[in-house]
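Shown below is the structure under consideration.
Read from first to last, the chains carry the letters A, B, C and D; within each, the first residue is number 1.
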Amino acid sequence: MDAVVEIFGNPWVSLAGKVLLVALIVPLSAMVLGFAEMKVSAKMQSRVGPYFAGGRWGWAQLIADGVKFFQKEDIVPDDADQPVFKAAPIIVLMGTVALLVVIPFGPGLIFQDLSVGIFYALAISSISTIGVLMAGWSSANKYSLMGGLRAAGQLIAYELPLVLAVVGSVIMAGTMSMGGIVQAQIDAGFPFVVVQFIGFGIFMVAALAELTRIPFDMPIAESELVMGYVTEYSGFRFLFFFLAEYANMFTMSAIAATLFLGGYWLPFVPESTLDYAGPFILIGKVLVLTFGMIWFRWTFPRFREDQLQTLAWKWLIPLALANIAVTAVLKVVL
Amino acid sequence: MARAIPGGGLVKGLGVTITTFFKTVFMPGKYLATINYPVEKETPVPRARGVIALDQDACTVCMLCARQCPDWCIYIEGHKEELPPATPGGRIKVRSKLDRFDIDYALCMYCGICVEVCPFDALFWTPEYEYSEPKMGAMLHDMDRLQGWLETVPDPPGLEK
Amino acid sequence: MTSSPSEATAHPLQEYADSVAEVVGGTARITFDTIKVEVEPKDWVEAHTKARDDLDLVYFSFLSAVDWANEVEAGDPLSEKVEERFEVLTTVSDLTEGRRVTFSTSLDKEGASIDSLVEVYAGANWHEREAAEMFGIDFKGHPNLIALYLPDAFIGNPLRKSYPLLSREVKPWPGTVDVESMPEKTEPSTENPEA
Amino acid sequence: MSIEADAVRHLAEAQVSVELETEDMTLNIGPQHPSTHGVLRLVARVDGERAYDVKPVIGYMHRGYEKLSEVRTYPQITALINRIDWVSGYANEIPFVVAAEKLMEIEVPERAQYIRLILTEMARISSHLMFLAAYPLELGAGTPLFFALRERERVLDLIEGVTGGRFHPNFNRIGGVKPAAGSGSTSRKVAQDLPAGFLDGTRFAMDKVLSVCDDIENLVAGNEIILARTKGIGIIPKEIIAAYGVSGPTMRASGIPFDLRKVENYLPYDRFDFDVPVGETGDSWDRWWVRFEETRQAAMIVQQAIDGIPPSGPLQAKVPKVIKVPKGETYVRAENPKGEMGYYLISDGGQGPYRLKIRSSSFSNISILPWILEGALVPDIIAIMGSLDFVLGDVDR
């Protein structure tokens, strides 16, 4: 054990290890969640789901899909704005990877515990908006353009409730550090969702919109815009969007779990074991939340763009503001 | 459809999907609607119009099927030949012998008129369906291939009383 | 054209058919439970307006045409000679008792043209476009008489009887009896008369 | 009528006052687009998300059935016409054979009529279930699709069990239904009466259809998002319905209680007890609801017919071996799942018709698109188009 600590004590080795881990978590989480989405949706529709690749349960379906994407021709439309078109999927994926850095998997198991962790996370998550807009604009496709514009409008509209929903938790914890927020919940002895249920609900709704998942998938809306801003992408560039979508699902759920559900901590689990149990607890919570997202996706239809804006500006933002006010007053009073 | 609580409809919907989820997971035998196709297969009904089988011995090259075919997808050629008399000194019989009987399944629209008009019971439907081909030309089944389908002809189903 | 034998003992629709003919100004007859009112081409729009307004036949079912021709390129020819003409047909109906009336008028084949019904029944728009491209009938006053189904460069009016059905021309009929006779005997192969 | 239509259109246009300097874009929806039900193409001028001057372009699937039927014999035509609206193939055959029977003056045996009616209503169920499956999908919900298709599969299996074809049954013959497979005289001649287990299987399937209707009701009918997407969207007033010849559930959704099953006697519907659901406003939601309710009614009709079917009897009236239809003309229309399907049959006494005009429901139903899509949002275009429930084969013929 000491040897391990010593090796990881070396800043360069530790940095390399962290980079490697992040690079692994993104495709792994995308694969697990993508597969879960396939299987869960299949069962909700009385289907078998993937069953062929890999033999039992079709566990290798996503690997096969990945291999297929790499084999495909990398098509860039002639009229596309080439550099922008090529950069867009990378920027979208970059935002996802950068988000992972501040998520605490255990006490001390965090890539970088920034003192403004949650601020950083919310700021970084907006970067993908730029990537989406770039993809939509540069594709030289009217459907892509409409998808990109819808995405921009929607992501900006939902940035606000997302930030406001978080504020309640931050006020309660008194810190913006992700690790600190979990520690505050451990100290308080209850996950913040008990008090911050409104904030949690708003956060999840806004997160669904950020992720452009049903019922807020207007930017993609395959029955209206064919495939929205990803219409013209193929091969590994499409794969990047796919990875980003599912890895984002993972990180968004992880942030929600950290802020509202106690992160790597679970009541009645001794604190000493959190070093080892922490990651599993967090991933368990993430899986529960992503199951909810999948469940929502396969039950609901999508809103119309204007209805979505109505929901954000007329309902979520006032509600979030009221929540902040009440939390702040209570914090001072109690 | 009175709207009692806002969002009540959404919750009802979530209830339907999650119930189906657990039903399918725990009682796949009863609730699963699909099957692992190449591994498991469904049995088509006996009357299913899958592919047409030909009984070469029964065919008399009367051309009725080729004439009635709306798509002109049956091609028949034949010649006459003499059969030795059944009893010594008997009459020599002349019968038509089939040389070519092709059905172009790329054209066929599976209407079943040929089977219906055949007066000698030389054509039959069989429910076999796995004969897709990567090339359009290979959809032309010759008389031997059609003869091969004959053993898959099922017994007719019983009738409703 | 034969008519239903039940007509002899006053068809139940006869009374209604006569009243329709009286209102729109045409001759009515009943052919197999279908009331057919023949009107003059010049009365075409007026008859429909009256049918819609006075008879409550508000529902527009279809408009089409028939090419009565003695020489045909596809299909069987007529058994007896007819007067060469286009017959334009419409069927309109009410929306309460399901009464329906078929209007018919005859046009000369040369420069066949008739007034458009779009102002009376908006739904006639597409039906007239279809009839125009399929038969080459001009519908005067139609707002947008361009091809509906056929590609822009298409030449010909496919539903005219003089238009051959190419799929039946490019390939020989496989129903010709192709049985080689015995070498020593000469047996004429029986050609199908339909071929 | 069209002046009124113009007025409404201009009113809709006037509601959007364009203050910003914007540039219109021509958006080409289709012919290959996920929700154009095949190969419909819409050319729209869009200003942001709002569409003007929507021009439907059809004909990508024009197969010329009216010309083809002029070179075919009557038995060959029944095989052809069930491909017009392939979602309810069986129902397409009925008006045609009834028209031919009318000219030949044939009385169809009772049992054959019942079989026709049962299978027609099953075709209606399968068509409406297809709509109930596809419409939520166009609005983004994927799951109702599989629920509806799951039960539709049972219905199709039953149709296949009787006729041999799932989509293209070709089971009607002039004078009745197909009496036998193979006209050979040997022992392998097979009667095509209802196969054993059909009646019980049908009872079970109809119970399942009714129960999946409850599921769909819970999943879709109460869903606030669906209501928000469809209520008040794409309202078609009564006058427009009549003038354009829009028929079927789309017509009834606009509040016109007109069902050809009640007024034409092409099948013995008068012996059964069923309601004609009628909508109130004629918006997309009413069109969904009318089809949904009709599915239930159709299942109930099948249940009644299963109980009332004559236990045995001939399946076909006496007809000559080579069918020649006497000279004459007639128009027979029927209430198909998508609306009025009619055939104007002109016979000259030969083996095939002289002229067969096919009046298909979807053709008239979507001729309303330029009117109804004027000034609609792009997402609403999809919602309205889906609610009209058309099949391109039925449009182009």
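Operating definition for what follows: a contact is a pair of C-beta atoms (placed from the backbone, for glycine too) under 8 Å apart; a residue touches a chain by one contact, two chains touch by 3 or more.
Since the model is a prediction, treat every value here as computed from it, not as a measurement.
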item	value
Both-way neighbours, i.e. chains that touch chain D and touch chain C	B
Pair exhibiting more inter-chain C-beta contacts, A-B or A-D	A-D
Chain whose Cα centroid lies at the greatest distance from that of chain D	A
Whole-Å gap between the CA centroids of chain A and chain C	63
Centroid spacing, where centroids are CA-atom means, of chain A and chain B in whole angstrom	51
Intercentroid distance (Cα basis), chain D paired with chain A, Å	44
Centre-of-Cα separation between chain D and chain B, whole angstrom	26
Per-residue overlap in chain C, given as positions that touch at least 2 other chains	none
Chain D residues counted as touching two or more neighbouring chains	143, 146-147, 150, 219, 223, 225
Interface hub residues of chain B, defined as touching at least two other chains	10, 13, 16-17, 20, 33
Pairwise chain contacts, counting only pairs that touch as defined	A-B, A-D, B-C, B-D, C-D
Complex interface listing, chain A residues touching chain B	40, 42-48, 51-52, 295-296, 298-300
Residue numbers on chain B that touch chain C, as the complex places them	61, 63, 66-67, 69, 72-82, 94, 96
Residues of chain D defined as touching chain C within the complex	1-2, 5, 58-59, 62, 64, 66-68, 70-71, 102-103, 105, 239-240, 242-247, 251, 256, 258, 260, 262-264, 326-331, 333, 340, 342, 344, 346, 348-352, 354-355, 357, 359, 363-364, 367-368, 371, 396
Of all residues in chain C, those that touch chain D in their complex	1-5, 31-34, 36, 58-62, 64, 66-67, 74-76, 78-79, 89, 91, 95-98, 100, 102, 118-123, 125-127, 134, 147-151, 158-159, 163, 165, 168
Chain A residues touching chain D - in the complex, by the definition given at the top	41, 44-47, 142, 146, 214-215, 217-218, 221-226, 297-307
